[in-house]
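What follows is a single structure, and I will ask about it in a moment.
Per-chain numbering from 1; labels A, B, C and D assigned in written order.
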Amino acid sequence: MKDGIKIVTIGGGSSYTPELMEGFIKRYHELPIKEIWLVDIEDGREKLEIVGELAKRMWKAAGYDIKVNLTLNRRDALKDADFVTTQFRVGLLPARIKDERIPLYYGMLGQETNGAGGIFKAFRTIPVIKSIVDDMRELCPNAWLINFTNPSGMITETVIKHFGWKRCIGLCNVPEISMKHEPKNIGKTRAELNYRFAGINHFHWHKVFDNAGNDVTAQIINHLNDADGGTPKNIFQAKFPLDLIQSTKLLPCGYHRYYYLATEMVNHAVEEFKRHGTRAEQVKATEDSLFELYKNPDLNVKPKELEKRGGTYYSDAACECISAIYNDKRQLLVVNTRNKGAISCLPYDSIVEISSLVSATGAEPLTWGNFDAHERGWLQLMKAMEECVIDAALTGDYSMALKAFNINPLIENGTNGINTINELFVAHEKYLPQFADTIKILKDKGISPQDEVVREIIANGN
Amino acid sequence: MKDGIKIVTIGGGSSYTPELMEGFIKRYHELPIKEIWLVDIEDGREKLEIVGELAKRMWKAAGYDIKVNLTLNRRDALKDADFVTTQFRVGLLPARIKDERIPLYYGMLGQETNGAGGIFKAFRTIPVIKSIVDDMRELCPNAWLINFTNPSGMITETVIKHFGWKRCIGLCNVPEISMKHEPKNIGKTRAELNYRFAGINHFHWHKVFDNAGNDVTAQIINHLNDADGGTPKNIFQAKFPLDLIQSTKLLPCGYHRYYYLATEMVNHAVEEFKRHGTRAEQVKATEDSLFELYKNPDLNVKPKELEKRGGTYYSDAACECISAIYNDKRQLLVVNTRNKGAISCLPYDSIVEISSLVSATGAEPLTWGNFDAHERGWLQLMKAMEECVIDAALTGDYSMALKAFNINPLIENGTNGINTINELFVAHEKYLPQFADTIKILKDKGISPQDEVVREIIANGN
Amino acid sequence: MKDGIKIVTIGGGSSYTPELMEGFIKRYHELPIKEIWLVDIEDGREKLEIVGELAKRMWKAAGYDIKVNLTLNRRDALKDADFVTTQFRVGLLPARIKDERIPLYYGMLGQETNGAGGIFKAFRTIPVIKSIVDDMRELCPNAWLINFTNPSGMITETVIKHFGWKRCIGLCNVPEISMKHEPKNIGKTRAELNYRFAGINHFHWHKVFDNAGNDVTAQIINHLNDADGGTPKNIFQAKFPLDLIQSTKLLPCGYHRYYYLATEMVNHAVEEFKRHGTRAEQVKATEDSLFELYKNPDLNVKPKELEKRGGTYYSDAACECISAIYNDKRQLLVVNTRNKGAISCLPYDSIVEISSLVSATGAEPLTWGNFDAHERGWLQLMKAMEECVIDAALTGDYSMALKAFNINPLIENGTNGINTINELFVAHEKYLPQFADTIKILKDKGISPQDEVVREIIANGN
Amino acid sequence: MKDGIKIVTIGGGSSYTPELMEGFIKRYHELPIKEIWLVDIEDGREKLEIVGELAKRMWKAAGYDIKVNLTLNRRDALKDADFVTTQFRVGLLPARIKDERIPLYYGMLGQETNGAGGIFKAFRTIPVIKSIVDDMRELCPNAWLINFTNPSGMITETVIKHFGWKRCIGLCNVPEISMKHEPKNIGKTRAELNYRFAGINHFHWHKVFDNAGNDVTAQIINHLNDADGGTPKNIFQAKFPLDLIQSTKLLPCGYHRYYYLATEMVNHAVEEFKRHGTRAEQVKATEDSLFELYKNPDLNVKPKELEKRGGTYYSDAACECISAIYNDKRQLLVVNTRNKGAISCLPYDSIVEISSLVSATGAEPLTWGNFDAHERGWLQLMKAMEECVIDAALTGDYSMALKAFNINPLIENGTNGINTINELFVAHEKYLPQFADTIKILKDKGISPQDEVVREIIANGN
C-alpha cells in the first residue's frame, strides 16, 4: 500500500459503480488510490464497458491521475490488491426475477434478500465467493474483502467462518439510511446523536442517545411511520405497529416490516405482483435507462437518477470503512463482523451487524450484551436460519435446504413451501452446481416452474 | 409422610380423576396412600360430587381403606399435604371454546395449548397457580407440586423460576404415548429401547437406541405416518414430511405438525371448524356422556370410554413420578424441570421437558448438549415466546402480550393477529384480573368478539 | 450540570489531591467546573485543611473563579453533585501497615491490593462505599461515581452489581503507565499505537498494534525488563520470564510479577521487610514530607515531589474519564466496567478492566472475546477470588472469608494462612463492624497479632 | 460381541492384573468373556509372564474356559477387540521415581498425578495413547477404550477431544473409595445414599442425599478426618480444615488436601522424602514382593496383599463400567466423559469426572449445573492447567509447558519451577520424543538433574 492503494471491484459493471467512484473521489485526500480495477464476467461485458468509461471520465474530471482498468480476467485484477469490493449478482436480474416470481406465485413474499428468494441468492453466490477467496489467498493474501453482495451477512459469515478469511467486513446501507434520516425528525443533527446498532444483516435494531446520555429512542419511534422515517425505498412503507415497537424500546430496521407486519406485507406484495409484476422487473427498466445515460460521453459525474435505487449510500459505507482501515481511524461504523460475545444470545463465531470500532486491525464490535426475550428469540431464529442456508449452500444437501425453508418465517411450512423450493431449484439450475444431483431428481419427477415469465426466462437460456 | 401419603388433587372434579385413581390403586403396594383430597370450585361442584363418589367406589372395590375427601375449600385440603397434583382448567370448557373459536374466526389455528389459545390459557392459569403456591408455602411447605395443567411447561416455569417453589415437576402424556406406540413399529419392546427426550413442553424431540447402542431413530421415523405412529389422538394426523424429519435425525412430537406442516394443519382446522365446530365442543359432548356413565352407582372401575380422550396415560406419568420421588427410585422419566445447562442453547433457569433421573431429591436432567441449527433456532424461538407469555401474564402488560403474539409462529403478524388478541382479552375478561386496565380500554374502543358462539357464551355469563 | 459542574471528592485530604486539581485546571476549557467539594473525616481534618488550602491557591493562581469547599459533612457535599470521586483509605496508613506486616510475618507477600492485605482492604472499604452510595441515591441520583479507591475492581463490582448503582466507573493508573512508557521503547509515539486492554484490576493484559495493523506486542515484550518498561514504581522490578511472556502473546501488567514470579517476589518482600519495614512505612515518611511542602503558603502548583508516589497519572485517568462523559466524547479509555460478554470466560455481570468507549451514556467495552487456556484459567481464578471477597465483605461470613483466602494464589493454604486471616481480623477490628461476631470469637480464643509494630499501632488506638 | 466378549488389556504385566481378573470372574454370569489378551512391551516381558500365568490359573480355578493370551504384539491383540483397557505406565517405576524426586529436590510436592510429576506423566503417556488409538481405528473400530492410565482425566480428554475417539471412558478408583467408606460413618448403607459427583479427575467434589431426599453432606464432612474417612491410602491424611469444607457444602476428594492444605502436605512430603525416599521407591518394594507371591504355581486367587496398594477398587470401577455398556444397564457410575454443559463453568468439550448414566451408548452425565465461586474458580484453573498440559504434550512446545507449570498451583512460580521443569525434561528424554529439540537445547546448556538417585537411574539407561 506504500505507494498508493490498489482497489479491485468484482461486479464492476454494476450500475452502482459511479456512486462508488464518487465516494473515492470525494475522499482522495485521505485515500490515495493508485489504481482501480473493475472486473466483470462475459455476460456483463457491455455494461462494464459503458460504466467503466464513465468511471474514467469521472476521475479525469476530478483532476486525479488514477488508472481505471476494465477486465474480464479476475486473477489479473486481484494480483497485489489492497482492497477488494464485491457488488456482483450471480445470474443478474433474470435470476432476481425468478427469486421474486416463484414465491409470489404460491402466495408468499417474493423478495431477493429475505424469504425464499434470499435463500436462493445465497445458494448461487456462495460458490462464486469461494472461488474469489481462493484466488485472493494466492494473489493478494493481505487484502481486505469489503463485501456488499447480498445476503451480505450470510456471505460474510461464509467467508470468515467457513473459508477462514479473517480480513473481511460486510456492509449494508440500511443503518446509514436510518442515521441520515432520523435525527431531523427529532430536531437534532447526526453529530448530536449516539447510535448503537446490533443484530444481523437486514434484521437489526438500534438505540439512540443524545449528547447528555439520554435515551431518545422512544422519541424517534414516534416518527417511524413518517414520510421519511428512515426505511429504504425498496420496502413497502406499511405502518409499523407502534405499540409493539415502543414496548421493545428499540428501533427496528425497515426489513422488520416483513416480520412485524407479515400479513400486510405479503398481501401488498401479491397485489403489486398481480398489477405491476415484481420489483426486479421495475429495477430492470431503471437500469436500462441508467445505462442509456451513462453512455453519454459528456457525462463525467454521478447522475442524480442513480439515487432513486434502493442501494443509495452503499458507497459511503464502503469508502468510510476502507478509509478507517487505511488510516487506522478507530472510527465507529456499523458493519458485519465476528460476534465474539458482543451479542450474548448468538454464537461466538456468528457474523453480526453491529456498531464497531474500525481501525487498521479491522472491526471490533462494541459489546451489546443481552436482548430481551422477544428480540432474542427472533434473532436466534434468524441466525439459525442463516446457518441452515449456509450449510445447504456449502454441501448441496437438499434436506438441509428443506430445513432452511422450514425455519424461515417468511416461508409457509407445507405444500406451498415444498413447491416453491423445488421450482426454485429447477429454475436456477445453471447457477447451482452444488445441487446438480438434487435438481436432476426434481426434473426427473417433472417439476418445473409454473410461472409463465419464469418459464420464458429459462427458455431464453437464463 | 411417615404414616402414609396425603395426596391433594386441585381440579379434582375433572373427568380424568378415575384414571388417576386407577393409577394410585395399581401402585398401592409401593405408594401407601393414607388420604386423597379432591378439590374443586363452586362451578365444578356437581362434577366433583359425581366423580368423587366414583373414586370412593373404586378404592372400596380395590379393597383399600383410603379416605377420599371432596371439598371446595382448598386450604383445608392442602394442610400437611405430601403431593399436590393440578389438573384444573380455569373457565372450564367454555373458556376453551373461546380459545379455539376466536383465532379460527381469523383464519388462524385455534388450539388450546399452542398458538393464541395456549397464550390465553396461560394468562388465565398463572394467577390461580400463584394463589395455590402461596397457600402451599403456608400449609404444606415440604410438599411436591406435580403439575399437569396446561400449558404445562409454562406453568412449571412460572412456579419454579418466578414463584421460587423448587419442589415442582411438570408432566405431560405426550412422551408416554410415543414410548407406548413406537417400539412395536420396529418389532421391539419398550424395555429393549433406550429413549432420550429433550425440548420444551409440546415442542420436544427424541432419539432412540437399541440395547446394543445403535441409533434406531431413523427406523422409527419411517413409521411416523403409520396409523399408530405415536401422535396424541387430539392432533390431526397430517403426514409428516419425512425428508425433512430424517434430516433432523430426531423424532418430532405430535405437536410439531403445527410447525412443520403449518399450512395443512391450519387449513384442516379451519375446514373442521366450519363443518363441525371446535374440538372443545366435541370434548364437551364426550365429557357429558362420561359423567352420565360416572353416575352409575354400580360402576367401580375406570370406564373404557375415558381412554378416547387426548389425555390418556396422564395418570401413568403422574403416578410413576410420585412413586419415584417417594421411593427414591432414581428412575428415568420425561418431565418438565430446570434446564441448568442440560440443553446448551436454552437459558440456565428455563424449564425444559427432558429425560431426567427422578429420585427423592426431585428431577435431575440427563445432559443433552447441543441441538443442530434448525432445531436450536426453533427451540430458542419457542422458549422466548414462553418467556414473553409468562412476563405478560405476571405483569398484565398489554405490550408484552403483543410481543408474545408477534413471536408465536402460529399467529399471523398484522391486523388479524391484533384483532385476535383484542377479542380474546375481552372474551376472557372474567378470568384475567391482571389485565383489567387493558380490557377496559379495549371495551371502551368497542371491541367485542365477532364469533356468534363466543358472544353467546359471554351473554350466558361465562 | 447546565451552569457548571459540581465535583465532590471523598477522601479529599489525600496527598494526591493537588494532582487531581492540576488535572481539572488543565482541562477547564472543556470541563467548566463550578464548585469542588473536598470531603474527609475527623481523623483526616488536618490533612484536609492543608491540602485544601493548597487547592484553593492552585485554582486562584490558574485564574479561575472556582469555589473549593472543605467539609467533614459528606451529605452537605453530595447534594446535587454531578461527579463524585473516591480516593479514601479506611483506617489510613496505619491500616495499610497492618495489611502488609501481618502476612509478611508469616512469610507471605504483604501488599495492600493483592494477597491477604488487598482482601482486608476490601473488607474495610465495602461498608463505607455502601453508605456513600446510599447517600448518593438520596442526594444526587444522577451523579457519576468515579472510583479510584483500591481494590478498585472489587469496589466497582460491589457498587454496580450488588448496590445496583449503574453510573459508576472504576479507574486505575496502571494502564496509563504502560501507555506512557512503552511506545518509546520501540521507537513509536503513543498516537501511533493502538492499545487493547482486558482482564481485571491489577490483573490484566494488553496487546498493541501499529498504524498499519501489525501486532507489535512481541517487540514491546522484549523491552519489558528495561529500566522503563512500564511497571508502576511501587512494584519490585524482578525480571519477567520472557519465554513465558512471549508465549502468551500478551503484555502483562506490572502486578503479574506476583503471579509469574511468586518465589522471587515474596523472597524480596520478606527480605525488604526485615531490612526496611514495609512500603506503607516508607509511604508514611513521603507523605509527611509532602504535607510539609503543601503547608508553604507560596506554593500554588502541584510540587514535583508528588510524582514519586505509585499513584501517578491517576488524575489523568480520572479527568479524561469525566470529560469523556461530560462532553460525550466516545473516547477509548481503559476502565473498570460491566463485562456483558466482552470477555467470554468471565460472568456477564462481572466488572472487568477493559478498553472501552466512554461517552455520555458511560462506558461500553470493546468486545475482547476469548483468552487462551493459560490466561483464561488465571483470570477465572482471580475473578472467583474477588467474588468470595465481596461475598464475605457483604455478609460478614467468616467461612466465606476462609474461601477467599484459600483461593487467593498469594496466600499459603494451611496453618500460616489461617494464622494470617485470624490476626488480620483482630487487628482491623475497628473497621470491620460486619465481622464483629467473628472477631469476638477469635479474641476469646486469645488470638492477637504477633508482629510488634502492629501491636503497638493497636495499642495506640488504631 | 455376539459369541462372547474379547477384552484386551494394555499394560497387562501390571501387578493389578489379578484384581482385574477377579472382577471379571465375579461377573462372568453377566459378562460372557471369550478371550482376554494381556499386552505388554519388551521391558515388561518378565512381569507379563508371571502375572499372566497367575491369571490363567485364576480362570481355571474359577471353572471357566477362557482363553488368556500373553503377547508383546499389540496389533495382534487389538484385532476385533470389544473392550480395550489401559493400565500401562510409560517408563515404569523408574520414571515415577524421577517425577517424584526432582520436584522434591526443589522443595515442591513430588507426586505422580498432581503437580510437576503429573504433568510429565501426561507428556510421556500421550504419544503412546495416540499410537494405541491409531491402531484401534484400524483394527477394532467399534471397541470401547476404558482408560485407567493416569492422569486419567487428561488422557481421556486427549483421546476424545483431540484424537476424536468417542468410544472412550476414563476411570478412577477415588469415587469408589468414598462410596465404600463414608456411609458407615453416618450409620447408613451405600444403597441408602444417593451420591452425586462432579469435577475433574483427582479434583472433584460430591454431595450425598438420603432416601428421603435430605442432604447429608454436612454429616459426612464431620467424619472426614476419621481414620476411615474415604481418602485413598497413598495420600498423607492431614486433617482437612472442616470450617472451610463445611462452608463449601461439598465433600472434597482426598487429593484436595494438596490444594486446601498445601503447606502441610508439601512439608510432610519433603520430610518423608528426606527420611524414607519417595513413594515410588516404597511401591517398588511392594511390587517386588507381590511378584514373588505371584510366582507361586499354587496361587490361583488374588492375594490379599494386593489390596494394600492405592489402586484398590480399580477393577470394580472397570468391570462395572464394561458390564453397564455390554448389558445396556443405564446404571449410575462416576466416570470421565464429555461435559456437554453438565458442569456450567467448564468448556463444552472438556472431559469431566461426573455421575453419569452408563448404557450401551456410553456415558451420559447427569446435569450438575453451577458451582459456587470458590469451587468454580479452582475448577476452572485446574481445567485450564490440563489444557495447557495436553497442548504441550501434543505439540512438544516448551513455552506451552512453561504455561502449564506457571498455572499449576502445586508448582512454585520462579526459579525453582524453571529448574524443575528443565531437569524433568532432561531426565525423561527417552520417553519424550516430541520434546527432542527442547531437550537438546537444555542439555547443550548443561542442564542435568541434581538429585543423585535420578542421576543413577539415568546412568543405568532409564
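Basically, a residue touches a chain if its C-beta (ideal position, glycine included) is under 8 Å from a C-beta of that chain, and two chains touch if they have at least 3 such contacts.
In this text, all values refer to a predicted model and were calculated from it rather than measured experimentally.
Chemist: Measuring between mean CA coordinates, which chain is farthest from chain C?
Modeler: Greatest centre separation from chain C goes to chain B.
Chemist: Any idea how many Å lie between the Cα centroids of chain A and chain B?
Modeler: About 44 Å, centre to centre.
Chemist: Indicate the whole-number Å distance between the mean C-alpha point of chain B and the mean C-alpha point of chain C.
Modeler: That pair's centroid distance is 55 Å.
Chemist: Could you list the positions in chain A whose residues touch two or more of the other chains?
Modeler: none
Chemist: With chains as vertices and touches as edges, which is it: line, ring, star, complete or other?
Modeler: It is a ring, because the chains touch in a row that closes back on itself.
Chemist: Run through the chains and report each pair that touches.
Modeler: A-B, A-C, B-D, C-D
Chemist: Which part of chain A faces chain C closely enough to touch in the complex?
Modeler: 1, 194, 196, 209-213, 325, 328, 330, 332, 339-344, 348, 357, 359-362, 364-370
Chemist: Spell out the residues on chain A that touch chain B in their complex, using ranges where they run on.
Modeler: Per the touch definition, chain A meets chain B at residues 241, 243-244, 246-248, 259-265, 345, 373-374, 376-378, 380-385, 387-388, 391, 397-400, 402-404, 406-407, 409, 412-418.
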